[in-house]
Each structure stands twice: as C-alpha cells, then as structure tokens.
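For clarity, chains are labelled A, B, C and D in written order, and residue numbers in each chain start from 1.
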C-alpha cells in the first residue's frame, strides 16, 4: 500500500494525539499527565508541519515554533504548581486533589 | 304621601338601631322600632285608601336608577297595586303587633337593639319584596328577608345548634333562589326586560299556552317559591328555624316571609297560566306538602315545631289554591293565616315564657286555669286554624280553597280529597296540642304571667282572626266577595267549572265535619284514652313511623347522604389542594436533577478530562457521521 | 402629563418615606399616606370631570424611550384605567393605614416597597406600550416579593418565592408573545413599534394568533388566578402581611383581569372567540373548585384567599362571554372583589393582631367581644356570597345574566357556585364570630383607625351595591374607541 | 510597520510595554502601591490610546490582525473591565499576600492576551493571544499560595487548558491541512470554492470548537469552571468570568462570520444542543448550591448558553444582542464578584450563602448593590440584564427559534430560584439567625467601584438607547 505522504503524516499525528489523550486519561500522576498533554501538543505540531510541507508554505513551521515555546512555558509553570501541590498534599496523585466539588 | 316611605322608614330605624348599638336605652329602642312600623303601617293604610279611590289603579314610583347597562335597566322602583297593598297591610300591621309583643318578650335580652334592628330590617326587606316593580329589586327583597331570617334564627348565636339551623335555612332557601335566578336569566333572554309588568305582557304575546320555554320559567320560579315557602322538597329548613326567638317565628316563619313564594306565584300568575304543567306541579306540591307536614305536626312534642309544621301545611293549602288557579283564595288564606298563625305563635310564646322557656308540650298542661287569657286567645287561634265553621276566619278561607280545589278549572277530585284529608289532620294536631297544653294536670309551674304588652297584641289578633273571614263569604252563605273583588284588577277571578250550590254545601259540610272529627279524635287521644293511645304508640312499627314523621319524613337524612356529606367529603379530601402537588412535584424533579448533576462535579481532574474527551468524541462522531449521511 | 405626575408622586413618596424613616417612623407613615391621598384626590377630580369617560381616552402622554426598538413612554387613561386607578389609590391609602401598628420593623423600607408596588400597578393600568407594560408588570414583582418575604408570617420565604417564580414564568411567555407580535407587525407594516394602538388589528394567521394569545393568556391567568395556575395565591395571601394581602387581592389580581380586557381580547379578537369556551370553563371550574377549597380551609386568610380564586372565576367567565352586560359586570366585580376581599383580609389581620392566630378552629363566639368587627365581617361575608344591595351582587348578576346569553350550562354551574359561596361564607361567620366564646382574654373592639378603614370600605361596598350607575357609566365597553388622538 | 499600524495597535502596545516596564519596576523595587498606581496608569493610557486608533478603522494588518469598530469596542470593554477589576484588587491582595506585585504584571499580560484575541483574524494570532491569556491565568489562579484550594484550581486549569489548546491546535492543523490557509477569510474563501465541507475540515472545526468551548466554559467542557472560580482569588475569578470568556467569544464570532458558519446546519445543531445543555446544566447545578462563587460559575455557564441562543439566531439583532449582553454581563459579574470582594475578610472569603444572612440590615448599601446585580443576572427590569435578555429573546423571536426560546424561558425561571434565594437570605431579619462571623473589609475604593457599577447597571437598564446605537452601527461593519 502506498499512502499519500500528507495523509500518512496526519494519520501519524492523529495516532500520537490519541495516545497522548489516552495516557492523560489513565495516568494519575500529575507529572505524567502533563507530559502526555505535551505529547498531544507535539502531535498537533507535527500535524502543522505536515500540512505546511503539503502546501509548501512556512506557516506551519512558524506555528510549530510557537507551540514549542508555549509548551515550554506551560511545563515550567506547571511544574511550579505541581511542586506547590506536592508540598501540600505530599503526593502527586491527581485524584487526591479533590477538595472542591459539588 | 310618598309610598316609598313604607319600606324606607323601617330601614332607617334599622340603621339607627344598628349604629346606636348599646348606647340607646331599651325604651328608646322599643319606641323607635315599634314607632317606625306604626308609621309605615299608617302610610300603608293611606296608600291603600288612595289605591281604593282610584279603584285599584296601581301607584308607581321610581326612586333611582339602580343599574342601567346597554338596554338592561333595573331601578329602585316600587309599584303599589291591589295585591301588594294586601301584603303591605298585613306585613306592617301584623309586624307592628309582633314588635309590640316582642318588646315584652325580649325584654331581658342583652342584644335588645340588635334584635329590633334585624326585625326592622326584615320588615323593610319584606316590604321591598312585595312592592318591587322589577324582578331584580324583588330578588333584593327576597335575599334580604333571607338574610334577616338567617340573622334572627341564629340570634342566640352562643348555641352552635342555632347557628346550624340559621345556616341551613339560608342555604336551603339559596338553593331555591338559584332556581329563581335562572328564571330571571331566561326571562331576560326571551323578553329583554325584568320589569314585572313588562315581562308579563311580553310573555302573554310571546308564548302560546304550554310553550316549553314558559313552562321552564314557571317551574324555575316555582322552585324559588318552594324554597322560600318551605314546600316540598325544600321544606326541611322551617322546623329547625324555630330555634329563633318566638316573635321571629311568628313574624318571619309564619306570617310573612314564608308566604313570599305565594306572593311570587300570584305576582307572575300570567306565566303560570301560560304553563299548565307548572301550575299542576304547584298544586301537586301544595297537596303533598300539606298532607306530609300535617302528619309530621301530628307527632311533634315541641309546641313550636307543631306550629311550624302546621305553617308548612297551611302554605301547602295556598299552593294548592294557586295551582288550581284560585288566586284570590290563596291570598285570602294568606291573610287569615297570617292573623291566626301569628296569634298562635305568640300565645305559644307567652306559654313558653310563662313556663320558663319550656317548649315540650308533654311538660305543660293544665294551663287553662293558670293562664286564662292565653287560653282564650289560643283557643280562638286553634279554632281558626282548625277552621271551625262560621265563626272563624280560617273556616272561610280554607273552605274556599277546599271547594275550589274541586270546582275550579285547574282543580280536581284528587285535590279535593287531599284538601279534606288536610282539614282532618289540621283539626287533629291543632287540638292535640291545645289539649296537651291547657288540660290535664299542670306539670310545670307558671312563674310569671304575660303582661299587657304581650296580651294586647294577642287580643287584637284574636279579633282579626275571627272577623277577617267576613270579607269573603261563599255563595252559599251571604256571598260576600269584597276580597276577591278587591284583587280583581291584579288577579283574574277563578273560573269555576262545576257551578252548583248543592255540591258546595256538601263540600263545606264534609270539611266542617272532618275538622270536627279531627278535634274529636284529638280529644279521644289526649283526654279520654291517653293510656290506650300510649300503648298503641309504643308498638314498634308505630314507634319507627312516629320517629320518621317526627324527623319530618327523614328528608334531612336523605339530603345529608345525597348532598351534604359528599360535598364535605370532597372538600375535605382536597383541602390541601391537589393541583399544588403538580408544582411541588416539578420542584422535586428539579432538585433531583440538581443532585444528579452535582454528582458529575466530583472535583477529580481525570473525571473532568473524561468529560472533555467524551464531549469531543460525541461532537466529532455526530458531525462526521452526519457528514456521511448527506 | 398628569398621568406621569400620578406615577411620580408615588415614586417620590416611596423614596421620601424611606428617607423620612431615618428621622421618624411616624413621618414616613404620613408621607406614604400623603402621597396616596394626593393621588386619590387627583384621580377623583379627574373622575368628577369625566363622569362618563368610558367611551373616550381622557388623557394621553407619549415620549420616546428606546427609539431603536420603537419603544415609547406611552400612557393613556380611559374609563377602565380610571376606575382601576381609583381602586388602586383607595386601597393603597387603606393599606398604609392598616399597617400603621402592624408594621414596626424597617418601616421606611416597608413603605418604599408598598408605594413602589402601587407605582408598578399604576403603570400597568396606564401604559399603552407593550414593552413598557411588560416592564411595569415585572416591576411590581420585586417590591411585592419583599413585602411578603420580609414582613410576612412564618412561612414567608416559600410563599414569596412561589409567587415570584409563578408570575415570572407567566410573564416570560407573555414576553415571547409580545415580541412575536412586534415582529409580525413589523413584517406587515414595516414599522418597528411596541405601541398598543399600532399593534391593534395586526393581521396574522389564525394559528399564530392563537399561539400568541395563549402566551398573553397564561400570564394573565396566572395573575388572575385561574385554576390550575392558582396555587401560588393561597400561600402568598396567607403569608403576606395584612396590607400585602389587601394589595395582592385587591390590585395585583386585577392586573390580570385588566390584561385580559385590555390586551388579550382586543389584540386577538378571533383567537379569543376561539378559546372563549375554554376560558369560561376555566372560570367556572375556578368558581366551584375555589369555593370547595375555601370551605375546607381552617386558616382564615387561606380561606379568604381561596374565595378570591372563586370570585375571579366570575371575571374570567364574564370577560369571555363577549357582551356588554358581562363586560360591565366584570369591571364592577373587579372593584367589588377588591373592596370586599380586601376588607375581609383587613378583618382577618385585625383579628390576628388581637388573638395571634389565623386558625378558625381556635376562634368562635367573638361577636360578644367585638360586635363592631363582627357586624363589619357580616357585611363583607354577605358581600362575598353575593347578597343583593352589596357590590358583588351587581357584578355577579350582570356577569351571569350576560354569560347566560353566551353559554347556558356554564352559567348554571357558575350560579351553583353562589350556593357554595353561601356555604363557605357562612362558615366564616359561624366559626369566627358565633358559637360560644372559649378564650379567656378580653378582646378590644375596632379602634378609631381601624374603624375609619372598615367604615369607609362598608360605605363603598354599599354605594357600589345600591348605586353602581356612576361606575357603570364610566366603564362602558372600551373597544369601539378606535378614533384616537394623542393629546 | 507603518505609522498608522502603530497608532491603531496603540492600546495593545501600551499594555504590553506596561507589562514589561512593570516587570522591571518589580525588579527594581518591590512596592505594592507603586506597581498598583503604575498599572492603573497603564490601563488609563491604553484606554486613551483607543481614541487615535479610531481614526483608522477599519484597518487590517495582514495577515494577523484587524482593527475594526467591533474589535475596538471589545478592546475598550476589556480594558474598562480590567481597570475595574484592578481597582477592586488592591485591598484584596494587600491583606492576603506578601508578594503582590507580580499579580499586576500577570493581570496586564492576561489582558494583553485577551486584546490580541479580539483583534486576531488568523490562527496564529488567535493561538498567541489565547496562550498569553492562559499562561498568565495559570499564574493568577494559583496566585495565593497560602491557600491550598488556590493551586489545586491552578493545576486543574492548567492541565485542562493545555489539553483543550491541544485540541484547538490539532483542529487548526486539520483545517490548515485541507484549506492551506490560516487566516479566517482565506479559509472562508477556500471553503466557498470547494462548496461542500470535507471530513477533515469538519473534524478540525469540531476540535477547535472543543478548545473554544473550554474557554467559554460551555457543556460539556464546563466542569473546570466551579472549581477554578472557587479556588482562584476573587478578582481573578472575575477576570476569568468576564474578560477571558469575552475575548474568546469575540474570536468565535469573527471566525464564524468569516467562514460563513451559519451555512453549515450541522454546526448549528451541535451548537444549539450545546446551548440547551449549558443552560440546563448551569441552572440545575446552581439550584441548591451553597457556595456563591460556585453559583456564579454555574450561572455563567447558563449565561453562555443564553448568549449562544443569540449567537445562533444568525441575524444582526443576534450579534447586537451578544454585544449588549456581554456589556451587561461584564458589569453584572464584576459587580457580583466586587461584592464578594468587599464583603470578604482577610481570613476568609465571604462565599457561602449563609454568610449573607440578614446582610441588608447590617450593610444595606452593599446588599442593595448585590441585589441589583443578582436581579440583573436574573433579568428583571430596571437592570441592564433585563435589557440584555430582552435583546436576546428578541433576536431569537426574530429568527423563529421557538424551541430554543422556550428552553431559555424555562431556564430563566429555574435560574430565578437560586438568585432570589440569595436575595432572600440577605433580607432575612437578623433576629432570625446568627449573622455571619465575617468582618468585611469594605474598602473605600471597592465601594466607589461598586457604586459606579450599579450606576452603570441601572443606567443601561433605564436608558439603554445610547449603548444600543453604538453597538448597532458598529455591527453594521462586520455583518
């Protein structure tokens, strides 16, 4: 079978995205959840790259740059918060963080 | 002189007494109350004379526009013609006498002025009723007297039983009134007016004899009359109405108000003539009532209840007469009945007071010696009620009815026999009462004798209930027709089909004999063989029958079971208003939704993510799937 | 302009009495009373000046408000509004008087709310712009909500919420209808306006008209109230303070009736014809159902509340039997019911002040102690059972004789309602004033202030019953008034 | 970049510059007052910068940005709301946190992000704006480190926001992959040419919708809202409720317009379902909720549902309605949060309904304000909320969306219940129960702000014409 490269790329991105999604769902450790989200973001980035190669424009790459930057920022803030949370809960289990509900 | 004053004066004094409350002292109250009636009685006489001078031409006067809407007009308008004059005279004169009597009777009651306020109010309303020129105003008087009767029956409000009796009276009559209201609606629908004369004329042109519409109307009017006049099937309230003070019973539940039905039918006689069916119904109802009530009167122990049942039965006579088309006869009987029944009630009242408010006849007796004055007047009254021949007014009026029940166009043998049976019964219960009260040995001692203020009215009424008969004598003896002639401009003369002196003689003879027979039986029963009678009465079947009759043929029980209890039951089960349950249910449902939703806000992050993902999947699948659909 | 003044007197009075309360409670009472009396005087003068106003528009005022939507401050007064306003200011003044001793907490705020409700009601009776109508319609709710919710009896919050939510639900449906009408008219005439007189005779399909009419109708049936939308009323009436009950029964319910007469029938004549029988049926059901419930109650105020359900049934019956007699009867009924039921609530309130219970099983034999109150109660009880010579009779008689022409059987049942009315009315007298006196304390009879209130009510109900002609002249049918000019 | 570009971007530039400078300020010397004053100044300057920007409208800065009346209007709205929130913030943080200065920095940044959103006409600017907004929000939400609920909220928001922007991005990628354009018009035209809507693009829109929906907090992406509102500092909650949602909504409108969204019935249906679901979910959740912060969160969910109804009407009245409703809604929710702020003490926020028992008799003025705000949320006359809701219903009727309207009516009735529940609590006579233990701060600035807001609220409720005309002629441009 020979698939059109764009389709293949998008498919790959899609698979990555879904994998990330699944691991967000099944992981309880907040750090891993964060990582999985990063995977999803990068999947999106990949999709952009593929798309831009398909159209032969640079927009996709630029977007990917932005995504990288934003992901970095997010992780940094995220880790800070997780640290905070760990100080209070003494655990990284996200399910423990459920003081607010109803 | 302005005849509008006739009802106005009693109203005025009623207002004064009501506002005056406890500030006016008793003498003043009595003076105002009686004086006002005396005044309006005088004016009534004057008015009567005027009417007579214009040989029966009615006096009309419009006071003010009550309501006038788009062609419909009802004014505060009065009309004094021969018929209403008769009623007005009876009401004012008898009313005046009763008031005088009452000043003594109620002397040591703490609500003295309230009593007389209501009495005056009643007289005023009654006068409006009989003087009204249109049916709406008549309805006002009609309900007004109902109100006063309610107020006065329940006058001694501390005892719930009285309150019950009063409510019963009001509600039962109200049932009749609604029938009358329908009649009004129908009349307006067909004739476009409620002005009595207008209605009568329009009706005469509008309907052929026996037209269903007019029959319906007449029947409905009859319904109203039946309610007020305590005829079958709405008679049940009157005996209980005796809970009121005796003057009230005399005035309202004997002399005047209960005859309003008679007045109504006489007033609208044109319609009844157009509706033979309705007229027959009137006669039948009258006949049945007079027998049933007579039987009940036979077995009562309470003296006032006897009189009450006898009133019902006498009004039955009037209805019978009306049904037979003997209009003037009915009115004549009304007049005499007003006199002797008022007399009986008040003398009974005198007895009751004398015996310290003892009403049970079996605890009375031997009063012939102790209360001679009362004895004589009571005797006259009883005689007149039992229609002893020749000397009593009752004889002439009742005899006329009995004869016409046979001979009149609308009459028949059946009616005649009923009427005779009634005569027999009347004689029996009247003198049973009479003997029980005044003969035998005294069972309760008399603690004070009635004073002049009580006795004088009694004497006057005694005279009246003797002489009043002589204004109308049958063909056979004297043939005086002052009364029917006087009524001629309003009420047509009765068509007599079997014009025969011989037959009339027989009829009179039979009726006279029967009343004597009745008296005789009463005598045997009470005086001669009380022992045997008592044994006879103790027989179980008889006991049951007696009980049933005493309870007025158990009509109350039937109505309770059929109407009252179901209504109360229904209203009780729904007292919390089931409709509201719908809304509370709705609120519950909302709360349930809240709880369900609140569960989803578990506070656990992954749960939220799950939510997002599910949403995403849902949206994606919907969109894409739909896309392939198209 | 005078109409605006009527409104502003109330609003100004509201603010003033709130402010005044901080200085002296008495002052604030007087301010409120003064404002209402001033309005009363003005309106009475207008009435005297236009004794037979029924047929034309007396005053109009119009100013643009939200031109973007074609919304204008448009007030007009005809006979109907005139009568309603007389009633409003009269009962309003009495309401102030009756709460003179009853209300002692937050008097200023109380009077603020009281006058604010009245202002809202006045607006409802005057406005000729549908948006403005809805505006006032909602505006009455909040102060009424506070009146019940703050100064009410034990269960006040429940009652207040229920009242608020019911009316709001109805109102929103009406809003939908108003807007739909607005757009339909715009589509036809290409003019965007909420003006009553422009929206009259808007041509539309039958089905549409029926739907829109239902939208209005529901709102008004809730207010009226008609079975099955009535259940807010007993709670609200029972829990409200006396003045609140008086205003609820006397005025708020009337806004529903007024709405039907002013908006539903003129705006959707065909649809109203179509639904007439249904509405009359609802009315009759209301008469009987309300009567039965009233008979079953033991809480005096609740009992009276259900009697108003029964009485307003007559209004519904009359309004939809489409003839002059019934129409006039409805108008008189609105007034008579306002007076008689208001009076009964006042008596219930005065009783409550004395014996601190509303349960009629704990009363009885009070006549001996308070004869004046008793006789007043007697008069109004008789009024409520429709005794001739008192206002309600005139109303009910006209309604019935009118509806008889429209539907015979419904009228028969409505008339049977009068018997039921007799039953429950007499029950009041029996349980409260007759029977033997069981309580030990000695009750004071009506004092001067209460006497003033009650007597004025008695006089009015008697006048209404014996000489209703002025009212009838003023309230002739208001539908032929097509020839209309803004003055 | 030409001069008039510069001018028309004035507000944005001012604010971002302000952010940088305030960072430096903090670096130089920590002083709450100075930073506060400076950021106030920054907002004022940004607002004034709108005036010259008006000269050039409509002005596009290809490919990323467009400054037309719509975006300027919303910029102004955002700036004003930000300014008001700032006014309310000072005391709140003064009492609670030792390091307050960065708060202002973050607030400025977040506002900048929102402003970028409202002027963006391109995926890239959209994304940038969104992320500037989000990331500064992470910081803001978790700002009060002392409170554990605060950073729990932060974490939740962070993860979910990242997740949703992943969806958004992927959606963008798909759209881009098919159309080859990232600017809205381009996409619109491309779709016009192809005529029908291919799977990938549809999937892309769906995924973008998830990203957008998350920020708007509509069902089923609403679950974060209550927790975040509860955990975040009150001013931040106000910010989230108003500015971030508003900004996102503006982008949505613009995007929808450019791609002619209302031509795709399926999209319409999905949004309709979401709208109904949001209304019901929001109101049901709030029905018996005891925590006022959460109530406000839920009610905001419901309100987004209402707004969607107007959005779906697809008529011009609808867009006007949204703008007006946004204004009313901004005023109202900021006002409500403002009340919470002034009523809160340094130890504890006044957040349970019970805290407000009998408040009217102790702090009548604040209670009246709160009542006004709640009534406006419930849409009762004399308040802006009423006119707003009226406007929305009008749009709905105009578009004959009877079903949605009935849903709206039902929900307004349900909503009424919990609003008047709070009001009733405030008007309870104090003797009926022990008053709240909270000693409110009642700062002067706060009170003045509230007065201002109430004035606005009533003003818009009684005489909305001016605002309407403004909105109306602004809408002419974009439709």
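Basically, a contact is a pair of C-beta atoms (placed from the backbone, for glycine too) under 8 Å apart; a residue touches a chain by one contact, two chains touch by 3 or more.
Chain by chain, the UniProt names read as follows: A = NADH-quinone oxidoreductase subunit K.
Computed from a predicted structure; not experimentally measured.
Across the two candidate interfaces, A-B and B-C, the one carrying more C-beta contacts is B-C.
With centres taken as mean Cα positions, chain B sits 96 Å from chain A. Chain centres here are Cα means. That of chain B falls 38 Å from that of chain C.
Chain A and chain C have centres, each the mean of its CA atoms, that are 65 Å apart.
Computed from the mean C-alpha positions, the centre of chain B lies at a distance of 79 Å from the centre of chain D. Each of residues 155-156, 159, 163, 226-227, 289, 417 in chain D touches at least two other chains. Shown for chain A are the residues in touch with two or more other chains, namely 24, 30, 33, 94, 97, 99-102.
Chains touching one another form the pairs A-B, A-D, B-C, B-D, C-D.
Looking at the complex, you find that chain D touches chain C at residues 361, 375, 380-382, 386, 390, 393-394, 397-398, 405, 409, 412-413, 416-417, 420-421, 424, 427-429, 463-465, 468-469, 472. Within the complex, the chain C residues that touch chain D are 65-69, 105-106, 131, 134-135, 138-139, 141-142, 145-146, 149-150, 157, 160-161, 164-165, 168-169, 172-173, 175-176, 179-180, 182-183.
Those residues of chain C whose C-beta lies close enough to touch chain B in the complex are 162, 227-228, 230-231, 234, 292-293, 295-297, 323-325, 328, 365, 367-368, 371-372, 375, 378, 382, 387-389, 393-394, 397-398, 400-401, 404-405, 411-412, 415-416, 418-419, 422-423, 426-427, 430, 433-437, 466-469, 472.
Of all the residues in chain A, the ones that touch chain D in their complex are 6, 10, 13, 17, 20, 24, 30, 33-34, 37-38, 40-41, 43-45, 47-48, 50-52, 54-55, 57, 59-60, 62-63, 66-67, 70, 73-74, 77-78, 81-82, 84-85, 88-89, 94, 97, 99-102.
Considering their complex, residues 123-124, 127-128, 131, 135, 138-139, 142, 145, 148-149, 151-156, 158-159, 162-163, 165-166, 169-170, 172-174, 176-177, 180, 182, 200, 226-227, 230-231, 289, 291, 294 of chain D touch chain A.
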